[in-house]
Amino acid sequence: MGDTLGRMFRVTSFGESHGRCVGVVVEGCPAGLRLQEQDIQRELDRRKPGKNNLSTGRVEEDRVEIMSGVFNGYTTGAPICMLVWNKDVGSTEYERIRSTPRPGHADLTAPIRYGGFNDYRGSGRFSGRITAGFVMAGALAKQLLGQLEIVVAAHTVEVAGIRARKRNLAEIMENASRDPLGCADPDASVRMMVAIRRAAQEGDSVGGVIECIAVNVPPGVGDPVFDTLEGDIAKALFAIPGTKAAEFGSGFSGSRMKGSENNDPFTVMNGKIVAQTNNAGGILGGLSTGMPIVCRAAVKPTASISKPQKTVDLSEMKDTYVETRGRHDPCIVPRAIPVVESVVAVILADHLIRSGHIERVLKVNR
Amino acid sequence: MGDTLGRMFRVTSFGESHGRCVGVVVEGCPAGLRLQEQDIQRELDRRKPGKNNLSTGRVEEDRVEIMSGVFNGYTTGAPICMLVWNKDVGSTEYERIRSTPRPGHADLTAPIRYGGFNDYRGSGRFSGRITAGFVMAGALAKQLLGQLEIVVAAHTVEVAGIRARKRNLAEIMENASRDPLGCADPDASVRMMVAIRRAAQEGDSVGGVIECIAVNVPPGVGDPVFDTLEGDIAKALFAIPGTKAAEFGSGFSGSRMKGSENNDPFTVMNGKIVAQTNNAGGILGGLSTGMPIVCRAAVKPTASISKPQKTVDLSEMKDTYVETRGRHDPCIVPRAIPVVESVVAVILADHLIRSGHIERVLKVNR
Amino acid sequence: MGDTLGRMFRVTSFGESHGRCVGVVVEGCPAGLRLQEQDIQRELDRRKPGKNNLSTGRVEEDRVEIMSGVFNGYTTGAPICMLVWNKDVGSTEYERIRSTPRPGHADLTAPIRYGGFNDYRGSGRFSGRITAGFVMAGALAKQLLGQLEIVVAAHTVEVAGIRARKRNLAEIMENASRDPLGCADPDASVRMMVAIRRAAQEGDSVGGVIECIAVNVPPGVGDPVFDTLEGDIAKALFAIPGTKAAEFGSGFSGSRMKGSENNDPFTVMNGKIVAQTNNAGGILGGLSTGMPIVCRAAVKPTASISKPQKTVDLSEMKDTYVETRGRHDPCIVPRAIPVVESVVAVILADHLIRSGHIERVLKVNR
Amino acid sequence: MGDTLGRMFRVTSFGESHGRCVGVVVEGCPAGLRLQEQDIQRELDRRKPGKNNLSTGRVEEDRVEIMSGVFNGYTTGAPICMLVWNKDVGSTEYERIRSTPRPGHADLTAPIRYGGFNDYRGSGRFSGRITAGFVMAGALAKQLLGQLEIVVAAHTVEVAGIRARKRNLAEIMENASRDPLGCADPDASVRMMVAIRRAAQEGDSVGGVIECIAVNVPPGVGDPVFDTLEGDIAKALFAIPGTKAAEFGSGFSGSRMKGSENNDPFTVMNGKIVAQTNNAGGILGGLSTGMPIVCRAAVKPTASISKPQKTVDLSEMKDTYVETRGRHDPCIVPRAIPVVESVVAVILADHLIRSGHIERVLKVNR
């Protein structure tokens, strides 16, 4: 259980890191959405490793196959199954690790949860590879959000403690997509890169923070009291392996402000009511305000490192050391960017369908 | 929609701030749990205002009434409806505010969401008062967790930027319950109190951070990939009005560590495998590790302040100022402590039922 | 679990036959629906016993109390909690029955399910009294369906094997509401009444069949493949204690026809496509066709009878006899009519919200 | 939406009749279940056409492929995706039918529901072919039920109005599996076969009734008030295209009995309490009684017939005739038998997991 996200736009994940495939079934996608495999592929490609010499050498071709729910180039309203096949899979390494659980991984807890029947190869169901499914669903969600001209864009705001300078939305959109780390501040990006390379050389890893912004979300979207936009987005962010924190708007720093500083004053601009600041991150009372939705996810340093780490030899129940060989990113932040965008897009699509902003048959010109 | 939390232990909230009552229906509570109104009342009393001269003068008697699902002092397995009546309700103030939305509130977005039909009195469904229902459900959940000797305890770790010193679990349990701010560091508590009083005098407010710890949660509880413990707890935390951030274990600070620092090494202690540190906050791969579950919620400064704030006069669509009179806490952190515990307890109860650790009929001696 | 029906218009039932109250929480009702307690009361009154000398002497005043979700005479979009208090409750009889389970009741299976903790008084959660909650939710749903001029009307088509003659829709609407048995065929009603009285005199009971018709449901409502209109309506019908069969359109008799007889031919009438017959009961492929939706529920003879019945003395594990004293309807068919209408209305409301035919804020003139 | 069945054992269907594949994702299957493709294939083969000269000439090889969730021959607890590829697909015929909707099909309602974007080829999502997915999920569920020695067996009790004589359980198990029509009464089967052949020759079709029996279901399984066993099974049965009625135990005929006849008397047999009759069909108060669960589904005559039928030419909006050429079963009852078993098995698996009778990790000897 727990493989499904969303109520009206429902994403069900399946597949394992070293099984046959990784996939997703999306229920509730409205009929009439123009959809081609290349719309999905483009987003999958952004998640691909090996783009910047920083990430795992695993070569995942990751060609999406749309298995159902699309006909004559449009979604039909039926469930859309999409998958990528697992190809470059070497599993021998993982057999060895079974008896020496890697710190920071679910190597110890997963067998307890599943009575030892879990597919442990490449972390199986707990692998970051599962997020390929999120990206396929997210690409679909983004296509849908495009109907309302909603754009969801994430960028790297921190790596290894190095923070990017604040940029405005236009700069973020412009710079982040071209930066190898997805960072809108080129200077910071260079220093981040250095920090990542140094960690890699030490057989170590670093983490960071990703910010995601959604613009043009109409006001009044979301549901009190439990299905708040914050709650649903946060839940989705924590599905990304390595996420350990989520904040909206001023977040933690807002809790150090006075109310008079943190509250966003309203004013009339061009005949419309806007907030002069956006400490709320575009969400008040769990509902969108019409301002950009802004959230940040903290990503821990990659758990897989080649440095020897203290662990336990399960067969002998004594302390030992483990090194994670194989191919691993010293920093997963850049590759997580399209994943963060994807889960945010999925939640927004779900809520916009619930709210009636997206109808169950799109009005399109064919 | 969005009024229900949980899959197998399901909490449905109802009621408004100034309506007849605030209540909750809990489905899926196992049969055979000893339950008396005083078990619920004790927790409700912790949420009560007016305990420390800091909080709203509104006198809420808040006597719980168990409406269903309990028979002869035990839960029956049927849905448990509990409610408190709204008594000390003065609504005249709110009429005035309708035309001048308060910054930091849903005054503007709620009418958009509900076409102006929402009960705006006292923020209606968006009021912190709704959390009385969370506390009733949480008290029930805690009673259930007690069967496994799981304890859930929250405490104040930061107010107005003043941080409490790190304390061990025993000190937290001991100190926090006696401190008027629920802080385990008495020195910090005094300074926090000063900051709160000063903000109150200025007609302003402050925020803070609450940490919640759950001990004795067995390993392997939680569900990949979406219903992770982090995801489900975070979603529940964001249901508490004013929460704008959530983190687990080392959280944001962990994202600034190296992998070799942030990973928790395993070792054998007394024949059992334990982690030497707990940067994971007791959760790896979305599953409990057996270590204490540690999460933190950032609470924004109370939105309602008496200082004049810039807003818009909706009838004339021009800028104006609004002051929030009435009774409001200059800092809601202390009162939010039992609420945080409650939602964490609800999520744990839900997952422990899913995992079979709590069966649907309790084995009890009658 | 299992106390909730519907996905977007969600009805959660609570309460027991001899507890404090019977109630319901309805989530997802659109904002802006005119609603007064009398709208609910009118339907509750139809369910009341004692109207025709046939039903249980239990005097249930059953005054609905709307606890939440309505403000200034309109629904707010927040969950609507409604309840009736249990008043005329005599429980002594039921203590005796505990050791001698009544045939046809859940007296034996419920304690197994709930480890003996279930509230057995008056069948507790398994009592027909729970359907008062269904009727409150159904009254709300009907009010909502009224926005689309959808009418849901049920009538008695069979009692004790006596079948009513086929009537057209106008006659059914006209006659059934005035008939003490809710039967549109006055001649059959007289004979049914005789059969019921005779059964009562013998300390026995009879069953029957209720037909429910919904007109003006727009075509294309419903969802393949599992949430078909038939499936969702049938599930809801089986929630009514005593229902043991459900059929749509030609139902069982249709399975004895040829395809050429059972298929409903299409034709053009006044520029619109209609079906010349309605063997499909207004549903094809799980979707509404635009023709009247027609379903029938078979209600078993009341399980509680005063005639001695063979059962087992649980304390001595030997065969014995049990007589059900107390107040019981010799035929529950007439009282079940508004309940059948209610659950059908709830399902239709749910699907019409899903399909966008009913929006989440109603467009009303205030 | 509506493509998912079950709460804890959740089946999500995808695929279309003439798309790439038909498949299913099963979430919540416990870890540790021995599973090979042949376990699924065996059931799929039972659903295959062409076994008795009666069914459609479409040659569906239907080799199941398990895409995920199984490792080293055991289920892992992760979602299990299974699919069959669509091969023998000829779609030209269907283009013609678009403008002349076939009576008894969703040809008219589906385009309304989906704005004309639905994949109409071979009825697309409304095709009986979708039930291949149900059978794959059902085969898995049966394997799971086998852990508790629960057997689910369906058989033909009526075709074209010809009823099979009542047989005991042993005879049903013995005879039905060998009979070409799945009927346990060989004499009736011969007459049914004649009726089917005659209908086929006339370009017509016939329907029938399937009975499904589940033995060894422990007592107390099911959930009041909405998730009754009857309700959940009925809902699942109506997902099978062509089902128009469902009944349990004495069903419709029970509504014509007296209470004293229909109630099943309890007695002690070999130290256990049993019911002397089973008019309840093994379910009281929505819970299993421990007696065999007995339900029946009425299947309408195949809607596709080659006889000319009255319909409307949509392009000219005038009456015309349509003949369904192509390959169609004159009676789908025999092929529906494994489908009926499958959906009943899925519901039972779901409820047995909910009730804790099946744990989330199976205790197996490896």
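Order of writing sets the labels: A, B, C and D. Residues in every chain begin at 1.
Keep in mind that, in the parts below, contacts are C-beta pairs under 8 Å (C-beta built on N, C-alpha and C of every residue); 3 or more make two chains touch, one makes a residue touch a chain.
None of these values were measured; they are calculated from a predicted model.
Enquirer: Identify the chains in contact with chain A as well as chain D, in label order.
Expert: Output, common partners of chain A and chain D: B, C.
Enquirer: Name the chain pair with more contacting C-beta pairs, choosing from B-C and C-D.
Expert: C-D
Enquirer: Distance-wise, how many Å sit between the C-alpha centres of chain A and chain C, to the nearest whole number?
Expert: 46
Enquirer: Chain B to chain C: how many Å between their CA centres?
Expert: Spacing between the chain centres: roughly 39 Å.
Enquirer: Distance between chain C and chain D based on Cα centroids, please, to the nearest Å.
Expert: The answer is 26 Å.
Enquirer: In chain C, what residues contact two or more other chains?
Expert: Touching at least two other chains: 1-4, 7-8, 13, 78, 113, 125, 224, 354-355.
Enquirer: Per the contact definition, I'd like the list of chain A residues that touch chain C in the complex.
Expert: Result: residues 7-8, 78, 224, 354-356, 359-360 of chain A touch chain C.
Enquirer: Which chain C residues qualify as touching chain D in the complex?
Expert: Of all residues in chain C, those touching chain D are 1-5, 7, 13, 101-106, 108-110, 112-113, 123, 125-126, 130, 158, 160-161, 199, 202, 204-209, 219-228, 230-232, 234-239, 241, 243-252, 254-268, 271, 273, 275-276, 279-281, 284-290, 298-305, 307, 309-312, 314, 317-319, 354-355.
Enquirer: Residues of chain D touching chain A in their complex?
Expert: Listed in rising order, the residues of chain D that touch chain A are 1-4, 8, 10, 12-16, 19-21, 23, 25, 27-28, 31-32, 67-69, 71, 74-81, 83, 113-115, 117-119, 124-125, 361-362.
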